[in-house]
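Submitted below is the structure of interest, expressed as structure tokens.
We just call them A, B, C and D in the order they show up, numbering each chain from 1.
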Amino acid sequence: MENPELAVSSCSTHDDGSLRSYKRHSSVCQEGLLEDQLRRKLKFFFMNPCEKFWARGRKPWKLGIQLLKIAMVTVQLVIFGLTNQMVVAFKEENTVAFKHLFLKGYMDRMDDTYAVYTQTDVYDQIFFAINQYLQLPNISVGNHAYEKRGAEETALAVCQQFYKRGTICPGNDTFDIDPEIVTDCLYIEPMMSSDNTTVGKHNLNFTLDFHRLVAVQLMFNLKAINLQTVRHHELPDCYDFTLTIVFDNKAHSGRIKISLDNNIAIRECKDWHVSGSIQKNTHYMMIFDAFVVLICLASLILCTRSVVKGIWLQREFVSFFLYYYKKEVSFSDQMEFVNGWYILIVISDVLTIVGSTLKMEIQAKSLTSYDVCSILLGTSTMLVWLGVIRYLGFFQKYNVRISWDLRAVASHPNTASSITQCDEVLLLRCYDLPGLLFLWMDCTGTIPCEVSLSEHGFRMPFFIDQWR
Amino acid sequence: MENPELAVSSCSTHDDGSLRSYKRHSSVCQEGLLEDQLRRKLKFFFMNPCEKFWARGRKPWKLGIQLLKIAMVTVQLVIFGLTNQMVVAFKEENTVAFKHLFLKGYMDRMDDTYAVYTQTDVYDQIFFAINQYLQLPNISVGNHAYEKRGAEETALAVCQQFYKRGTICPGNDTFDIDPEIVTDCLYIEPMMSSDNTTVGKHNLNFTLDFHRLVAVQLMFNLKAINLQTVRHHELPDCYDFTLTIVFDNKAHSGRIKISLDNNIAIRECKDWHVSGSIQKNTHYMMIFDAFVVLICLASLILCTRSVVKGIWLQREFVSFFLYYYKKEVSFSDQMEFVNGWYILIVISDVLTIVGSTLKMEIQAKSLTSYDVCSILLGTSTMLVWLGVIRYLGFFQKYNVRISWDLRAVASHPNTASSITQCDEVLLLRCYDLPGLLFLWMDCTGTIPCEVSLSEHGFRMPFFIDQWR
Amino acid sequence: MENPELAVSSCSTHDDGSLRSYKRHSSVCQEGLLEDQLRRKLKFFFMNPCEKFWARGRKPWKLGIQLLKIAMVTVQLVIFGLTNQMVVAFKEENTVAFKHLFLKGYMDRMDDTYAVYTQTDVYDQIFFAINQYLQLPNISVGNHAYEKRGAEETALAVCQQFYKRGTICPGNDTFDIDPEIVTDCLYIEPMMSSDNTTVGKHNLNFTLDFHRLVAVQLMFNLKAINLQTVRHHELPDCYDFTLTIVFDNKAHSGRIKISLDNNIAIRECKDWHVSGSIQKNTHYMMIFDAFVVLICLASLILCTRSVVKGIWLQREFVSFFLYYYKKEVSFSDQMEFVNGWYILIVISDVLTIVGSTLKMEIQAKSLTSYDVCSILLGTSTMLVWLGVIRYLGFFQKYNVRISWDLRAVASHPNTASSITQCDEVLLLRCYDLPGLLFLWMDCTGTIPCEVSLSEHGFRMPFFIDQWR
Amino acid sequence: MENPELAVSSCSTHDDGSLRSYKRHSSVCQEGLLEDQLRRKLKFFFMNPCEKFWARGRKPWKLGIQLLKIAMVTVQLVIFGLTNQMVVAFKEENTVAFKHLFLKGYMDRMDDTYAVYTQTDVYDQIFFAINQYLQLPNISVGNHAYEKRGAEETALAVCQQFYKRGTICPGNDTFDIDPEIVTDCLYIEPMMSSDNTTVGKHNLNFTLDFHRLVAVQLMFNLKAINLQTVRHHELPDCYDFTLTIVFDNKAHSGRIKISLDNNIAIRECKDWHVSGSIQKNTHYMMIFDAFVVLICLASLILCTRSVVKGIWLQREFVSFFLYYYKKEVSFSDQMEFVNGWYILIVISDVLTIVGSTLKMEIQAKSLTSYDVCSILLGTSTMLVWLGVIRYLGFFQKYNVRISWDLRAVASHPNTASSITQCDEVLLLRCYDLPGLLFLWMDCTGTIPCEVSLSEHGFRMPFFIDQWR
């Protein structure tokens, strides 16, 4: 009787009726006192925070912690989203820049039709890419540099794959082929000398046998530093780009598709020095993250306690029912005692704690796993919102308004562009569709009270009504 | 009893029933005469113009004024929309022309992908823009001229922003940076001499350190006169364009986005002379605007009077109720006496008066604030339509038809292109959505009469029915 | 009683009930015999062809004529559509060809953004168009030729419109303008000499004052013969193209929009000679058209007779009603006797007769008004289909299927491209929408029988039921 | 009584009711025993496999075979789809490559606007295509070769079609034409000599009279081998391309549309040699196909037997009914005994057997009719899925889920691109629409049980209920 928990009893007008029916019932069977005690325990257990406060004056601590958490977690996600957006934008813009630098005649939005059809065009494209690579420091407007292995810079590899043996005579409908594929590579090192001699057919021993050719691959590594974070008082990251330009002749259809693939790795910079106030700002942010972790730990402990108490009450009720009525309580009725939303909040708290720790590591530049962190924080924020929506579910009409506000928050133009936010918006939209449907049905009065509750609260109050 | 005002009593079939219930009621309580007097006062107060005419022969002056006002305000808005459209089109076409003049290789509909990727392209773009600026009078087909400060023409400013100190070596993963940004500007004055020497790297001391570069900005001012209004018998305006071409290298991603921003100010021309009939036409238009202001003043006074009378009747009713029944009248019942639509009409009238005054000033070329005027006139016209829709609300079925006609008016092709009209159409569409929903619910018969009234009339007639 | 006409009595199960009510009625009032006679007359009048055949063995001649007419009119429209399509395609392709020939750098689908922004571009465009015009016979791949006035060929007119007086100094915010527009033209005649000297600034005295310039217009006439009809065994038409290239500088915004307007007139060729079988084919087609005219005349006469008889019966009924019951027959009840669908068929027949006569004239090459003919034939075919749908309306369930088949016919890919067919399909779609809505309501059973009839048959059988 | 077959009796709760009604019925009429026997026979006949197992322990062999068949047929279709996709992609890519090789200035996605407008452009295009053809072996990146007739290579044919006689003077509105079309061809053989002399107006006697010209056609044959199948361990096919470039001047509108038509024939290669493991893989695949044929034969025999038994039972029932009740059994009731789904399965089995045989022939490279095979296998797989859906129809709620899974299978990205799969997905979508509508109606409870059955099972159980 001391620790009853959160419950839903929004159809309070039904209480009088069920009370009366209960009175009639109790006059028939005389288990009386113990049943009445358990009944009141259950009633309190299934109350919402508001009713608990009115009934016994219990202050809604848990509700307060959830509200504080939701505010902090959302702020944290928006801040991380803004940082992550810079990372995503830097990746995308570099890929676009590489396409314009290394693909001859490339224009925006023609990736799917970018192909060459004649032998001279293939040589032109290859030599164009090689020359652009050799002159990169004089051409590029970004901070691109060759990767260094020790003292010398890594070379560009021009690899051609061809069938080992092949005599193909389509004119006679005959061919003699060995489908084994041989790869032959040529390495071209960035010339340190300042002479502007371009590479071409005349000074590079490179010929292609188009009848046997399967693919040509140009592979090289570039490095860059994402400086723009400096202006947002964060430390820059170092990027490794592994670029692969593929001339795909697998089909031998007369069309060689050209694609540029940019494999990006983010690493901490080795040796850096920045003047000014970046350090301090990072410290403040870390303190905020640590506070989020503490709040989540508190919420985690309180919700776990509620779940445990629910299970205890369930056992007590099952044994009472078996003893007095000689009846098993059905599994679905037993599940009424386990509040699915508490479990959701627990999961969300765990995700937030892990995500916040990761975020602190990223800010300290000891880790660069932006994607994992954004998935963790994004998922946890979504769950915490869903959890609070349920927690506030005793004012059913507020539900939809909250979910709309949520969407407004989530569709913030800057944050929505980063990956996590997109996911979240999608998930919210999924949630909204049944929500709106539900609202519509509620308005037209076609659904009874019970379904309405179960829709929002994941529960069938059929069994509860019997006991009120 | 002499001045009862507009009301809604569309469910007239309920009257008989409530009358009977009233008779039974009056037999029980003997307050009799005074109550009956107040009851009739209230009934008359909540009548609509049509019923008032049938009941006591009161001619619907206010309705007439509203109908006249709606016609005149709409005509006024359409006329202003046509003028404003020329202003908007002139602004947009100039911006497009500047993009084609100052951005090398610019084509329509490529604003979002317009960028350069190599160092030589950056220099080319900058020198192209400078040369085009220097030769503008010989190139442009419009009436573009340099801005003059006193006798000499203003210069073009080429400003580069870069990090104060920066040694960035992505190859070694090291950097040493001072995030403070330094701006360095170069001013190029339009050469008055007729020699066609172009500016380039050879004769201009201008180099960029791309590793440290954050942005390059080209800023210059141009002036123009919107002559086409002359042909519509209106006086031309003078325009100041503050152009900024930004080469954005914030991200250092190898992609420098180029954007042209055109900041437009409209000013009265200082010294002008036009032959012919422009002046007369402006006079006629001003007389029309003045008449609109007079009509709106009349409507404003009549509606304010009605609101005041409503508040007096409310006080009388509250004191009567408290004296005889010893009961407080609830706040929501008290609000029944304040007709929200009168307040809407009052707001709309104030906006129209201010807007029309502004329009007269614009026509007299003493002001050029087209945007503010279009917002004022557009909003007021929308409100006046909403108000009249309500005013005519006693024929509920006409509501939707009117709102459809409204939309037809608002979507007039010429006027819809100007900003205000767009706003209006959007707002009307917002209004239409609940309207259509409401119509649908009305047809299916799922909503009772009271809700229907409150939806349209902002009122709950629950309390009224008791008294009829 | 001898000539009862087409009627609708689809609710035949109601007959027994109304018969019984009639019997009770006749026992009360003793007008007896005359009323009974009129009643049977009316009943027969409102029968459908099928019921008339069962009742008195009257063969449905009119139904047969309608069915024959619908088949012939549709065949006629499809044949005319195929001819008309060639005309429309020739017009469109010529316009596209002229744009490519006379507009420098024109590409497909850029009409709305085709503009120039510099003074040299304006001169280039003008001289390009002039040179292309002068060399047209050597350039064009079509049968284009200059128009001849007597012996010599018509000249190209280069007209510039400018403000009469204008001193515009945007730099000082001053202008002095006379808004009167002066037009100044220059005529360039096609050179018959074979020298390929191009026209340009050097040998043509043509300068533009861009500050005052309002528009430049290049106007010239070309002629062509649509030869492809020869291959479809039809006689070719001669085409006059009046081309106007407008350089629009009205706004003085720095952007001169260029548009090419092609005004097309179709005329009979003066003097032609074609070898082979074209003449015979035209004769057969004319015989078919004449037969359509005959059928439509028959249908016209029969339907007019029915309408006249309906009006006679109406008068008889009104006078009977006035005499025996002393009651006026309401206007809506009187309108029951005028079958709206007969009137529709009459209109359709008149249109077909006029359209077919026009078609014969076009085939004989004494007229070239393709557009008027297509509107006449298209509208009449649509009406005849609607009329027959109604005529067959006694099997209500067939209605929708017929309209679907109709749409399948109308959306025939070849014919749908010509103007008329498009109109028809649009109109059919308009008809279909209520049709489908009606079907849906019919299925769900929400509409009573009477409304269903009136929807399809344009009549309220409320009054008829009383009399059956 | 020994061989009753599959039936639907999903409304099992109705059984008790109908049993009771039957008892009352049997007390009235005394045909008793024989009727009871037939009744039980019928009841067993209309049972589903599950009920048969519970009733008499009959194991659902047929159901097992169908489930095995559906798995194997789907796997087979997916494998064939992947092979077929390579064929389709090779065809499409070759066509794209030819357009880029032989059409001057061709760019992707401009097929509908690709046209020339001047005489020089027409000559340029023709000579460009001829030169590209002559130099093809040095230009093409694919395995393209000239077709050989004996020792020498086939020539490119340049054919121009023109009116036999034509004097067209649009300037005078006169023409004298003979619509007979003459075709004049010029043959250009690939030069074996290595000299790179290009063909042009100077060395080729080729002129066009544009006034009379109807069309120019360039026709030539090329051959290629689809090598990429080698990498998927399948044998390559040889392809014959018959290319036709058409310059269409039929309309004489000044616009000559250019289109390239590629007619593709797949043939077995004559003489080939491939090193490695291709042969083995083909053998395994053939064994799988043979097994599919066996399974389908078994299913075919079992279903045919069931259909035959249904017809026997129908005859027995008809004669019993005629003898005892002196009543004819209506045709629709008789059709109850013929299970439409069995016939569907039989058709599907026949198609699978033919398709699998064809597939084996294709794999053995003795046939190349990919299209026919894909239509056969695709249709049969669709039918087998529909059949099994029906077979599992006794769990009605599973229907929709199955059809969704089906769609997931069918919309597999790789296979969906081949022609057959597209058809199938379309058909499935057609099936799904009523399915979803039905599901929705089922949920809302607006349709009675009988309609539900007939919708899914193609039967009206009205008659059956009488007998239960």
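The definition used in the following text is that a residue touches a chain if its C-beta (ideal position, glycine included) is under 8 Å from a C-beta of that chain, and two chains touch if they have at least 3 such contacts.
Just so we're clear, the structure is a prediction, and the values are computed from it rather than from any experiment.
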Where the contacts of subunit A and subunit D overlap, which chains show up?
none
Can you report the angle of the rotation that maps subunit A onto subunit B, using C-alpha atoms only, to the nearest 5 degrees?
90
Please decide if copies subunit B and subunit C contact each other with the same set of residue positions, more than half shared, or with different positions, and reply same or different.
different
Using mean CA coordinates as chain centres, what's the gap between subunit B and subunit C in Å?
42
Indicate the whole-number Å distance between the mean C-alpha point of subunit A and the mean C-alpha point of subunit C.
58
Subunit D residues touching 2+ other chains are none
Residue numbers of subunit D touching subunit A in their complex, please.
86, 89-90, 93-94, 96-98, 100-101, 108-109, 138-148, 153, 223-228, 230-231, 236, 238-239, 267, 269-276, 278
Hey, which residues of subunit D end up touching subunit C in the complex?
110, 113, 116-120, 122, 163, 165, 168-180, 210-211, 213, 249-256
